Amino acid sequence: MPRNYIARRIAKEFKDGMYVNLGIGIPTESANYIPEGTQVFLQTENGGLMFGPKPKRGESNPDIANAGAEPITMLSGGAVFDVATSFAMIRGGHVDMTVVGALEVDEAGSIASWKIPGKLLTGMGGAMDLLYGCKRVIVAMTHTDKHGNSKIRKKCTLPLTAAGVVDMIITDKAVFQVAEAGLYLEELAPGVTAAEIKQLTEATIMNINEWEHNEIT
Amino acid sequence: MAVQITTKEAVKKIIDKSSVMIGGFLGAAVPLKMIDEIAAAGIKDLTVISIGAGYRGGGVDIGKLVLNKQIIKYVTSHVGTDPNLIKQIVNEEVELELSPMGTFVERVRAGGAGLGAVVTPVGMGTEVEAMAEKITVDGKPYLLFKPIRADVAVIKAYRSDPLGNLQYQGMSNTNPIMATAADIVIAEVDEIVEVGEITCDQIGTPGIFVDYIIQGHSYAERKNVYEELWIATNKL
Amino acid sequence: MPRNYIARRIAKEFKDGMYVNLGIGIPTESANYIPEGTQVFLQTENGGLMFGPKPKRGESNPDIANAGAEPITMLSGGAVFDVATSFAMIRGGHVDMTVVGALEVDEAGSIASWKIPGKLLTGMGGAMDLLYGCKRVIVAMTHTDKHGNSKIRKKCTLPLTAAGVVDMIITDKAVFQVAEAGLYLEELAPGVTAAEIKQLTEATIMNINEWEHNEIT
Amino acid sequence: MAVQITTKEAVKKIIDKSSVMIGGFLGAAVPLKMIDEIAAAGIKDLTVISIGAGYRGGGVDIGKLVLNKQIIKYVTSHVGTDPNLIKQIVNEEVELELSPMGTFVERVRAGGAGLGAVVTPVGMGTEVEAMAEKITVDGKPYLLFKPIRADVAVIKAYRSDPLGNLQYQGMSNTNPIMATAADIVIAEVDEIVEVGEITCDQIGTPGIFVDYIIQGHSYAERKNVYEELWIATNKL
């Protein structure tokens, strides 16, 4: 269950009282695994804080939706506001963390997620603001693309969404810290070896020797 | 001060080649009736300014104007929800002007607030640098973007009074910002109530910004439209 | 009653449905003379639209005040908002008219009202925004200073509050239009002659000859 | 998320040489209790950032900090209401940084919103040109001002819930803007109510912006303070 591993692993990064913006897909799923006793306030860039699960049929409100225009509910204590306020909040550094998907990430913490020249044309939406403004950026993605190529690159080859912003990378195979000096392996997914990670990762992993050494001894 | 008119009268404010801001967010809180009327009127060569394209999959709300090929330029931050629009952009039938979402919103705000530009760090180190002017403030690099205004803004609010004071409910998203940034502002509302019924601290957009009010779907009708859409697309 | 003349004359400029910001003093008094059947919406830069007279004792609200922090009431249909919104409204050209006092005005429609070097130091407050942003600017002031010197100058000698923005000047003695080409006398206060205006006005009055001619014939 | 603390605890967040934003407008909607406590604590060399000085005549609200000579720099748009402050400025005891009121507000907003600068036409052709950098956008001249932030913002709201969600009533003036633009944000409120009592569309400042809540005067007490002040100064 790689998908499940990623979502559960993201959830370990939630600290009590955090304001978090979650990207669509696996990041959003991670909200299902928020640890007991930890209160996390979810932000949605279209103008809401502290939203909850989707409503029951018949109980939706046409003006209460997430950034994908899907119906949500507001929790008690939640707030709604306009998008200028929302992006002031995001760009101004008030949101503690964002978790997003990516096409590529690199050693410098740069991320490509919005464009594949000649192929994927969607516009950057709010991603650039979120990646610039949120205090902590976690990228959640599969370790390799469908051809088995590493998505953790020495240097991103696709157009960047933001340069040097990523703090942590969570894949289906491992967890990395992105530090000033480069990438550090922090955790392996169950059943995955350091040797396998080394082979599947294009980027240099600063501490890979320690991990491999530990595996051998 | 605003005047209540019919949807048919309101749509006459928009002519071929007009620039039109449309409030809402990827299909949510959009002026559904006005969009239908713009589609029916067949006005051409529109520059549409909206934060993103219409509801995912295309063909509904703003997507109707895309299907009708009424748009020649799209000013936005995201078109990923409408495959028809992407096709028209790739085929160069529609010109695309992108900015990051927060920058887009500030550009519209600047247009309405009489500011000369938006100076933001967002997009530095990306292709966005080519979409703006680079400037340095206090030794740090920023991108300078020009304000955005439109001939007409068509926005959506919950209720209005006859003075054009608008009340929102839920996420007002782009609507209050766009209400400030066009020569003519048309607000589509669920309900028009008497002066005083919307109290001074419930007013999200004061009537000073609004030129015309039109009666949209009632709240119950609109809720129904969205419930059906959400059920059909497996979101509810 | 020169003061009364000015306030009454200002009120003639109010058109139905106008949004107007009135400076303190005589401009504010002019609201007492709004013509019957004309609805004027008063804006206050600290964040209110459609305010009314001061409340009765015991009925004031500590958070409902004008730009001078004096108690006011909100009329039915009135709105309150923050100052960022208020100045977006003002600077963005949404307010139809402002009426302000001045130390000096000149032929080019420039106005000095915020500073007398070495004497008056208050800061410009919202005056520069109002003068720049409001669609129509009316200056209401005494024609001369306390020494009898013309306050309508060829060129302002005091630091400007705004350059080339004034549309109309209403004094205790006359009313002027400020056009591209210069100053035009539009009206004389009761009992005042064109000759007197010519003598009391430093600025060139483009049409003063016509007025003098009419007086002689 | 916010934490409720006492006024005495809150004032410890402000130290000698701190920069402090104070919400309100020329005496209206200011955090009265916090100002009293700052005055009592005798913190020195403060940079005070507020849209204008205190209530006309001086000596009350912010004017107490002036009387105490606790301020070394004043960042504002207007000092005309406080003769004591003007005297200290003329005597060079207090450094003055002025900008036009709308520009001041945008500078604070930019500070809180992560924008790099404010670009405005206001002040062109006046002495204000010397207070900013001149830039040209689209062939038109503008003034570029830097954002303003503070170490601590002390703001005033009507009610709060324990999450720090703030509700305003009447003119909120500078309070919601300043709530975004400081490292530490302290909100003084009339009343602290339970979560949920302030509904999602009544929240003027979401709790994400607020660090500490303090119980100010009750609404009734505060109304009394202002009635007395207004009656004493012949305004009511």
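Letters A, B, C and D mark the chains in the order given here, with residues in each chain numbered from 1 onward.
In this text, a residue touches a chain if its C-beta (ideal position, glycine included) is under 8 Å from a C-beta of that chain, and two chains touch if they have at least 3 such contacts.
Since we're looking at a predicted model, the values are computed, not measured.
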For chain B and chain C, chains touching each: D
From chain B, the most remote chain by mean C-alpha position: C
Between the pairs A-D and C-D, the one where more C-beta pairs touch: C-D
Centre-to-centre distance between chain D and chain B (centres being mean Cα positions), rounded to whole Å: 33
Between chain D and chain A, distance of the C-alpha-averaged centres to the nearest whole Å: 36
Whole-Å separation of chain centres (CA-atom averages), chain A against chain C: 56
Between chain D and chain C, distance of the C-alpha-averaged centres to the nearest whole Å: 29
Multi-chain contact sites of chain D, meaning residues that touch two or more partners: 106, 109, 113-115, 120-122, 168-170, 201
Numbers and ranges of chain C residues touching at least 2 other chains: 48, 80-81, 87, 91, 132-133
Set of all touching chain pairs, with the criterion as stated earlier: A-B, A-D, B-C, B-D, C-D
For the chain D and chain C complex, residues of the former touching the latter: 25-29, 51-52, 55-56, 76-81, 86, 89-90, 96, 98, 100-103, 105-106, 109, 120-128, 158, 168-177, 204, 219, 222-223, 225-227, 230-231, 235-236
Chain D-facing residues of chain C, complex: 44-48, 54-55, 57-58, 60-65, 67-71, 80-84, 87, 90-91, 110, 115, 121-129, 132-133, 159-164
In the complex, chain D residues that touch chain A: 1, 109, 112-115, 161, 163, 165, 180, 195-196, 200-201, 203, 206-209
List of chain A residues in touch with chain D within their complex: 17, 19, 39, 41, 43, 48-49, 74, 76-81, 87-89, 91-95, 132-133
Interfacial residue positions of chain D with respect to chain B in the complex: 106, 110, 113-122, 135, 137-138, 140, 142, 144, 146, 168-170, 201-202
